[in-house]
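Structure record follows, encoded as structure tokens.
Chain naming follows the written order as A, B, C and D, and within any one chain the residues start at number 1.
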Amino acid sequence: MIIVMSPGSNAEQLQRVQNKVEKAGLRCHLSTGEDRTIVGVIGDKKAIANLEMNMMEGVEKTVRITEKYKLVSRDFEPQDTVIDVGGVKIGGDNLTVMAGPCAVESKEQLREAAKVVREGGAKFLRGGAFKPRTSPYDFQGLACDGLKMLREAADGEGLKVITEIVDSDDLEVIGEYADIYQVGARNMQNFQLLKALGKAKKPVLLKRGLSATISEWLNAAEYILAGGNKDVILCERGIRTYETFTRNTLDLSAVAAVKELSHLPIVVDPSHGTGRWQMVRPMARAAVAAGADGLIIEVHPHPEVALSDGDQSLTPKNYLSLMTDLRDIAALMGKKL
Amino acid sequence: MIIVMSPGSNAEQLQRVQNKVEKAGLRCHLSTGEDRTIVGVIGDKKAIANLEMNMMEGVEKTVRITEKYKLVSRDFEPQDTVIDVGGVKIGGDNLTVMAGPCAVESKEQLREAAKVVREGGAKFLRGGAFKPRTSPYDFQGLACDGLKMLREAADGEGLKVITEIVDSDDLEVIGEYADIYQVGARNMQNFQLLKALGKAKKPVLLKRGLSATISEWLNAAEYILAGGNKDVILCERGIRTYETFTRNTLDLSAVAAVKELSHLPIVVDPSHGTGRWQMVRPMARAAVAAGADGLIIEVHPHPEVALSDGDQSLTPKNYLSLMTDLRDIAALMGKKL
Amino acid sequence: MIIVMSPGSNAEQLQRVQNKVEKAGLRCHLSTGEDRTIVGVIGDKKAIANLEMNMMEGVEKTVRITEKYKLVSRDFEPQDTVIDVGGVKIGGDNLTVMAGPCAVESKEQLREAAKVVREGGAKFLRGGAFKPRTSPYDFQGLACDGLKMLREAADGEGLKVITEIVDSDDLEVIGEYADIYQVGARNMQNFQLLKALGKAKKPVLLKRGLSATISEWLNAAEYILAGGNKDVILCERGIRTYETFTRNTLDLSAVAAVKELSHLPIVVDPSHGTGRWQMVRPMARAAVAAGADGLIIEVHPHPEVALSDGDQSLTPKNYLSLMTDLRDIAALMGKKL
Amino acid sequence: MIIVMSPGSNAEQLQRVQNKVEKAGLRCHLSTGEDRTIVGVIGDKKAIANLEMNMMEGVEKTVRITEKYKLVSRDFEPQDTVIDVGGVKIGGDNLTVMAGPCAVESKEQLREAAKVVREGGAKFLRGGAFKPRTSPYDFQGLACDGLKMLREAADGEGLKVITEIVDSDDLEVIGEYADIYQVGARNMQNFQLLKALGKAKKPVLLKRGLSATISEWLNAAEYILAGGNKDVILCERGIRTYETFTRNTLDLSAVAAVKELSHLPIVVDPSHGTGRWQMVRPMARAAVAAGADGLIIEVHPHPEVALSDGDQSLTPKNYLSLMTDLRDIAALMGKKL
């Protein structure tokens, strides 16, 4: 941490700042510039993380130099993490696609969806059984019935299952039916849920919050790793900006950022990321070219009758055509679909 | 809902759109402009809320005319809601101040804080026992011990207690010690928690999410009212923008917006809203002048040793001086502190 | 400037960084922490401002400690600047209101507007003759004819004139008719215009850009002061955020920020800042309570027939009533209207 | 336009709304729902564009159905525009790369840069002679001397020249040396400059504003086309968001949006879009995969001594390697580099 003293601060104020730093078991390193004195704080990272100095008189501002996360950092683990989900790999030289409807609606819907999902080459069936919805009057999901349908449809086609968890009380029941727990954007900082998932025995896909910085996102992943669960997949799904043409602004630079800062795999959700099915294809291609390890895509056998998010779901035909595109770009990136 | 057909759409596509609307039990009203045909959808609000039309061929876009929330709306209840918390009123012609440290740290800290809080004229003692923190390595709160300390300190000065709930499993224990449940910004769309609070017997203060629209915020409140709990207080605490000088951008226009759209009381948190103690005073004054029903302010007997958010906490001296200012502005606004 | 070396950097890279700093006539101050070495750069502010180090191998990031602006800074000039416009003061213990229609439309409109503006106690008549409009097909203003009408109407009521300049070629003609040049949000970083205004002989009101940080805004003002014109008034007019209920998000914390960082006066525009006439009153009150030195408000004798921005214009009746409110709050703030 | 009457509005208010619409030469189409009456406004697009109704009593809100731009719209011109710059094509099945240093610094720098730019396969040399800089104390560019150096260096390698224009007074002199005028993000809504470029005889590359919506950007392009200059290239360069890890958030979905809404070519600037040279490569690849017609990239022979934006400039080696990647992805997209 760097403490910048204000130009008008005096010797006594500086002394009190130094005292507080030293009392926290840390050391000070003074540097006197033309306008300002700067105090560098040296010592244990955790102690520095808990130091609050802005309130002290004579302090103009403080600047944190290092991030608080550790286990998710590439400094800590330089090798890319590859997660093995019953033989299906995520990360490394794999491009893993997860596809299916936004919400689980019926056996028939899922059977049709699973068939086309497998045909296109995706390895995971996705679908929401517990749905977090903006309004209490929106369709809230089929809950446990939905989970069973998902598993059954996936098994019929040899697919794995990924589904959203919204409450730590559902940990066990979802773990029974799904292969990966998905944490939605609205729950990225639901720390109780993250702590529970840190104890879970299955991988977690952690979506970036609607307006989460990359640093906050990695800190959220740190909660899970710190709890003992090393299998975390990050998922960029668009951030909230002033633009209204798209539902969110898909931030593909987050893929490059995560690759630089962390060893965890990252996938992209171009369906929620844009909110428009017309944009899923170009953004999916772009995500792979940016270096993503996978995609999570909404495909609905009949999007025009979907109970939620039909606007952003691909038809089977569009999905199959997209998968052909992706295979070629993946090859250029040294990844296999 | 208004459905805008694209300029190149044909009669068959229009017919299919009308069929889908009618199948949902709704009626169509066509309007043919120079460039485009527009379909007005008429009928039951809930059925319209669930209608998804953007995927249909020939549809350019859809525009929703009415909000999904009902119970929180001023259309539904034109009179201002006044909440009575054991004799202390929130809403109407009252200006209610809640003050105290960010986190509960010790009995001594709370005793000192409660004394000054009461002296200044605030009616509630605030303080976090369960703390949602960005990093797993940050101080996470004293939990139940903290709750007891809060209650004891408040009782010693005749104050009410407000504290944050982060998990629906804590509903009962917090309800035992606190008078108002506080839902933090990160949990504004934790729908499980909102549903649980809909069944609770005590009022809820619902903070606006970091990047929640006013519409999403009111829909979140609707979850609580729809569950049966009518006593919701909204709290503006700053939104996330590109500006970095302040921790958040305090959106005081949200006070005016809520007053227009809803009958629920609204308070403002200038401490989190700015993240800088120097700004708490001007923003607190401004909030009252904008029409807020109350304030929630961080006051710490010794902010320079606070375990969290010392940067935004007022000293007792600054707090007392602020309360004098507020009394005068409240009087101009026809409110009593 | 602080240069943070990456954990994996070596001695040779550090040496090259030091060499580059010294070659720029600056000095290095090394500080070796547990994870990272940090290089403090000491010396002439201007030389540091031009130093670019992020490209150097081994550098993780750089942090700038000081702002680039000087003349606008409160460090440079601790006393509040008070600007005298032919006897009307802006800044200090004055609350100065500028009011009038968004666009100049006709003599009759201005005559009516000027009359009510003066009655309410505002000292300036505002109105746009040169209008920057999003679409080339929108009304673009009456240009020089508009300027003359403005002056005439203002003179008839003993008011001063403020109007927008959009092109440095208009400096002279606008200077002939107006008392203050207004720079709109879209031109805040039109550096050619700012340089021209630095040579002008009349005060400049500089609106904050749609997504300008406070630092960029003060740097824009620095262009004008550096050119020799000391009479700059800052104007907060709302920033662009994700919220759509309001046209912009009025950032009243900018008032407190500017008061802390700069000696220049600051006024607030609640009309553009909210885009809704219903919100002008509460936000105007809040601005004064936050410490603003003035307001610029849209008033139109007949807003329902306005050629632009009728949605955010007050009727004469609402304006007069607002001015009564403001007088009371100004008194509490130690300012006279 | 759709006018939504509030639930409490009366017959007289509705009548006044209808009268105002009809007085503007437009027709009304009423639609009476369960809660609200909706008035559809039918008639001439331009007349509707100028209609302001929100101020009328009884009006809850208005919704605009159609965009104000025309000439830039794909509705108006369904075929992709291909611009021919002295034999070099932009748009259609071409991938056009523009590369060079941020600022023109010296003859030697440009000679080296031009050589490597041509070797990589780019067709344009870029470089700023007139630099818009945040602080008046930053390097402001070499002006006319810079223009000559650019032309000379480009001619030596058979390249075209693109450079920024910041003032309409420079139209002629820049036109003498450059092949394309570049309008920077800060000038996207400098309407005087846009009007001047509408009369220019050379193509214009129009960067998206820092916080411009896609609609505002297309309206800005409309100014140029409406003036008579049909040769406009759009350039996505990142938008301002809350994220601080990157300088801006590169919005690649804007590429897909522009392809849907307009016939104009679009290029991407991954250098300013990310502000970090490490991210230029993945984002450039992603841009091509998203369907961009070209790229504008910063390459500096010696980025570590660059006078501006060295942080985001590629070394010659990194640039050459990137161009190899791009050739392969372009081929998949049916474009030739």
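The criterion applied here is as follows: contacts are C-beta pairs under 8 Å (C-beta built on N, C-alpha and C of every residue); 3 or more make two chains touch, one makes a residue touch a chain.
This one's a predicted model, so the numbers in the text were calculated from it and none came from an experiment.
Chemist: Quick one: which chain's Cα centre is the longest way from chain B's?
Modeler: In terms of C-alpha centroids, the chain at the greatest distance from chain B is D.
Chemist: Can you check whether chain C and chain D touch via the same residue numbers (shared by over half) or via different ones?
Modeler: same
Chemist: Distance from the CA centroid of chain B to that of chain D, rounded to the nearest Å?
Modeler: One centre to the other, that is 38 Å.
Chemist: Using mean C-alpha positions as chain centres, tell me how far chain C is from chain D in Å, no decimals.
Modeler: 26
Chemist: Distance between chain B and chain C based on Cα centroids, please, to the nearest Å.
Modeler: Spacing between the chain centres: roughly 30 Å.
Chemist: Give the residues of chain C that touch two or more other chains, as numbers and ranges in rising order.
Modeler: 211, 240-242, 244
Chemist: In the complex formed with chain C, which residues of chain A make contact?
Modeler: 2, 4, 7-8, 29, 31-36, 38, 40, 42-45, 63, 65-66, 75, 211, 240-242, 244
Chemist: Which residues, counting only chain A, touch chain B once they are in their complex?
Modeler: 20, 46, 49-50, 52, 54-56, 68-69, 132-139, 166-169, 186-187, 189-192, 209-211, 216, 219, 222-223, 226-227, 240, 276-277, 303-304, 306-311, 313
Chemist: Name, in rising order, each residue of chain C that touches chain B in their complex.
Modeler: 211, 213-215, 239, 241-246, 249-253, 255-257, 259-260, 273-274, 278-279, 282-283, 285-291, 325, 328-329, 332
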